[in-house]
């Protein structure tokens, strides 16, 4: 695969998961606030539906980012993360992304399911 | 004497509203649970603590191992050459540093935030037979029993082995209602009505406190929960709902006059009299309480007298001024208040 | 092989020319107008050390008051001001400025092979503003109206109704004032690390120390605005009678808490990440081994701050949020642990697979790992919402975050003081008293903080000015107080040792530890121009690449990359650090202190409610800025 | 070793943006986060209040603000011209476009200040939480337009004495700031006008 393609995959793998998790976290929490706040009720949001859709799409995106990262790691196996850039740097960030995306995926799954399985708007 | 029996003995003594005897030492401990909620939380803690010690031992073990190996031949040239044990170290980092903690912590998340939380979350409005309103003030607790005229302060009576819904609100700043032996805490937030369930396995007196910093006397804003058998509780609520008894005897009558004409009635209420201000605690049955000033001092003739004339020294900054009275009037006032059983 | 000694006479001449070009004015004026990152770092160091003393005195007064039940050492009012100022001081005026301001300013340019920060004058400004903000907030203490609602400063306790004095206005303005300085520092580091690295130091070859400070800087940059917004609202509510936090007019008191903790939790990681950086500098030097799993550690340092932005409401589990809201923050809290576990095991394996030389700095790092793991394990417990709701606002929390903030953030600072002492002073330190000071501190802090776990579980709440007897807390509190004074003894021994070493110890030479990073290639203390020749970098451990160092020496001899024509330094491409251009750096300037002075007048006028005068002072600030930019680097 | 050996490049355009430009990016990032907090506050309060805006407060006007917004955002074009002209070394063109931007921004600012004063006469900032956040958000946005005006004034003053590398960097950085303020204003207006929905 061309270095240029690898560069793109590497940045997608590194930043894609992060951005999507941020969005899912903010929007997901925002939905709970809108659902349970006095001003939000008349918006008629179904918490569980939204959380489910949000979790599924975010998770899918993060998995894609993870796959991108793994692709880059495989493609650059001949160089080391200490080699000169770009190859070395690309591999370095790809390894980083491979770990980061696992963490983002776990958060998305945990809070997504918990937001669905807990009683909506019950005070904790 | 084993714990349950001792607690029962204490409870009996307390029902007679005498101060706790030495020997039944009081607790405010989250590790001495007296309800299923507190017990779930405590066992959650014990498990987590076990895991924590294991984790710490693992890390300390590694450090100690490196200390044992400290005298090997130096690696000085390895700093340029290949790094020793890099491959194995990667396995350790990925295994113990990523896979293991993800598994363990996710399990903890599921157990505590999907299951245990079901027992500690606020009860639905209809879930309990009974509701008690607790209102935080700087720095004392007002206690109301909806559906009855009963109003008291700093001492909440509840029926034992009965889920009670506590509605915690505040009259001023944020406080936090916390009785560790019965349940987790809940803040009292201006503009919100927060709820929590109280349930006591055994009759007894449980100590609680304000857990959120609320100003000068945050340290002296404690409370008691009295869990009593159903009938005893009913009797107490019945008495508490009654207006104050007419003062018996000249001293008490004089005291009543002092109370009404003096500054007392401008802040305190005594149901059945003209005094109906709600700045300070309701004193209708103050004589029947075990403590004064949010569990700062025991209730009793001498301590009540000290409180009236010298409260700014006992609880500096509290909202009641020192009341200067000629001792004859003071005696009468104390006699009157202490007879408000 | 250090480049401190000139290889040829020609090289010596070049170094002399650089010396003339870069040396700053002698005397006090030189310190006032300096833009030298090393001098600014030292200014930060001494200032924050004094403030550390202040915060420590406050802490010991608190511990003395709590040594026995029903004590009357200080009045409740004083006590509230003490614990509030203790928190504010240690967080905003000690750890942040000590790590970023002192360590970062001194070391980042050295580690990336630069001659100065990207914006030297702005760097000076950030210090003078910091100093002014510290004086500003301590003025309130001497006026007897210091902030008294806790560093978290919850409304409505902090609102005009319940806190009519100036105390909270000092808090709000002091915090905004201070965060201007922190924001400048943060931006400074980000741009410096992006643009001023030595050519060849691509991200995969950047020292972990720099990753840590990059992470901390991004954290500060994105966390502080939330606090600024919050304190602006507070100031408006108190003085303009707006209703952001007033439920009776549609406001919300929880809004304060959300905004505060959106700042406040990342802040915790901002406090410790630089400590990770210090640890990852000391470990390779004293195990003579590159840190295990370099990419994972690097990303962990960035991730811990990034994920740290998603956990704020775990400080608010007891306010009665809905469970479906809380789980988002519980999940974040669960997974923010992973970057830390990655680093802990990477550090431990570096200890094991290297040859650990347990000199004082490494001892402090070992102690740091112990404290950090202890505090981290209690931190994991807050994933369990019901348990958190049980222990929050008790001493269990106090124990937890002191293990993190004292154990994990301050221990590496101490270790770093020993580690870089030879570099900064040119002297070695005395090893034995150093190790003794570590053991005293280790015992002292554990005696001070461990019992707090227990009293917390036994029901002792936080921020209480006193406590009753007979609840089983007394003995533990006494132990904590004793531990507090043992800790004090350890700190005094540490500082005394360094001071005595500075006077008496033998010279250290450029590289006493065979350290891994670039600062060990230049002389100790480093010359004003840091590096006689822009170093060549081909790994994250440049001082262990003899080929490159030999290359530098040849360059110096041949006059390549010496950049002696002016105040010059190379700029590179942000990601792969390709040589881009040679930029002219500004020299010393009187404007930063002047601007800081004008700005502090603005804040003084605001706190006494003279808004018109404050506006005029604001115009002075603009004039100062204009004067500042009237000189351009090229024109020198 | 195929490494980027440190060799100073003498000729050719810069490979990456100047430190000054990055500095401006940092400033904008910090400002954007501040506004993020403001806007988050707006919706946090909104989720708790119904109706929104509260009774007795008129919904924000639509037409005039949108026209003004259009004018302000239009400055993006002359500003980009100014930047290009500067990089091409065309001093007079640069001055001309910057002056143009300056005039539009100044006019916009003047009207908005007048309008702000006018609104606050009718509904005071101390009315309730809605008015508090409304005026804070709006005022903060206007303040940033003012900063853009000041930047451009300073730039014009600098450019009277010709170009230097420093000033070229300044043009690029301030161009970025102007873009940022325009985007910011779109977002802020969008937030405030969402009260009509």
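Chains: A, B, C and D, in written order; residue numbering restarts at 1 for each.
Everything that follows uses one rule, which is that a contact is a pair of C-beta atoms (placed from the backbone, for glycine too) under 8 Å apart; a residue touches a chain by one contact, two chains touch by 3 or more.
Note that the structure is predicted; figures quoted are calculated from it, not measured.
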Note down the smallest number of touching-chain steps it takes to go from subunit B to subunit D. 2
Give the fewest steps needed to get from subunit A to subunit B, where each step moves from one chain to a chain it touches. 1
Highest C-beta pair count, chain pair: B-C
Which chain's C-alpha centroid is most distant from that of subunit B? D
Chain whose averaged C-alpha position falls nearest the assembly-wide average: C
Cα centroid separation between subunit B and subunit C, in whole Å? 38
Quick one: subunit A and subunit D, Cα centre-to-centre, how many Å? 31
Using the average of all C-alpha atoms in each chain as its centre, how far is it in Å between subunit A and subunit C? 30
Using the touch definition from the top, which residues of subunit A touch two or more other chains? 33, 84-85, 99, 106, 110, 114, 118-119, 122-124
In subunit B, residues with contacts to at least two other chains: 98, 102, 106, 109, 113, 117, 120-122, 194-195
For subunit C, residues that touch 2 or more chains besides their own: 200, 202, 252, 296, 320, 323, 326-327, 330-331, 334-335, 338, 342, 385, 389, 538, 576-577
Could you list each pair of chains that touch one another? A-B, A-C, A-D, B-C, C-D
Residues of subunit B touching subunit A in their complex? 98, 102, 106, 109, 113-114, 117, 120-122, 124, 194-195
Quick one: which bits of subunit C touch subunit B in the complex? Just the residue numbers, please. 75-77, 80, 149-150, 154, 156-157, 162, 247-248, 252-254, 284, 287-290, 292-293, 296, 318-320, 323, 326-327, 330-331, 334-335, 337-338, 341-346, 348-358, 366, 369-370, 373-374, 377-378, 380-381, 383-387, 389-394, 457-468, 470-472, 514, 516, 541, 544-546
Give the list of subunit C residues in touch with subunit D in this complex. 118-119, 122, 183, 186-187, 190-191, 194-196, 198-200, 202, 221-222, 224-226, 228-230, 232-233, 236, 240-244, 246, 249-252, 255, 258-259, 262, 534-536, 538, 561, 570-574, 576-584, 622, 626, 629, 632-635
Which subunit A residues qualify as touching subunit C in the complex? 18, 21-22, 25, 28-29, 32-33, 35-36, 47, 51, 81-86, 88-89, 91-93, 95-97, 99-100, 103, 106-107, 110-111, 114-115, 118-124
Considering the complex alone, what residue numbers of subunit D touch subunit C? 1, 3-9, 14-16, 18-19, 22-23, 26-27, 29-31, 33-34, 36-38, 40-41, 44-45, 48-49, 54, 125-133, 136, 150, 154, 158, 164-167
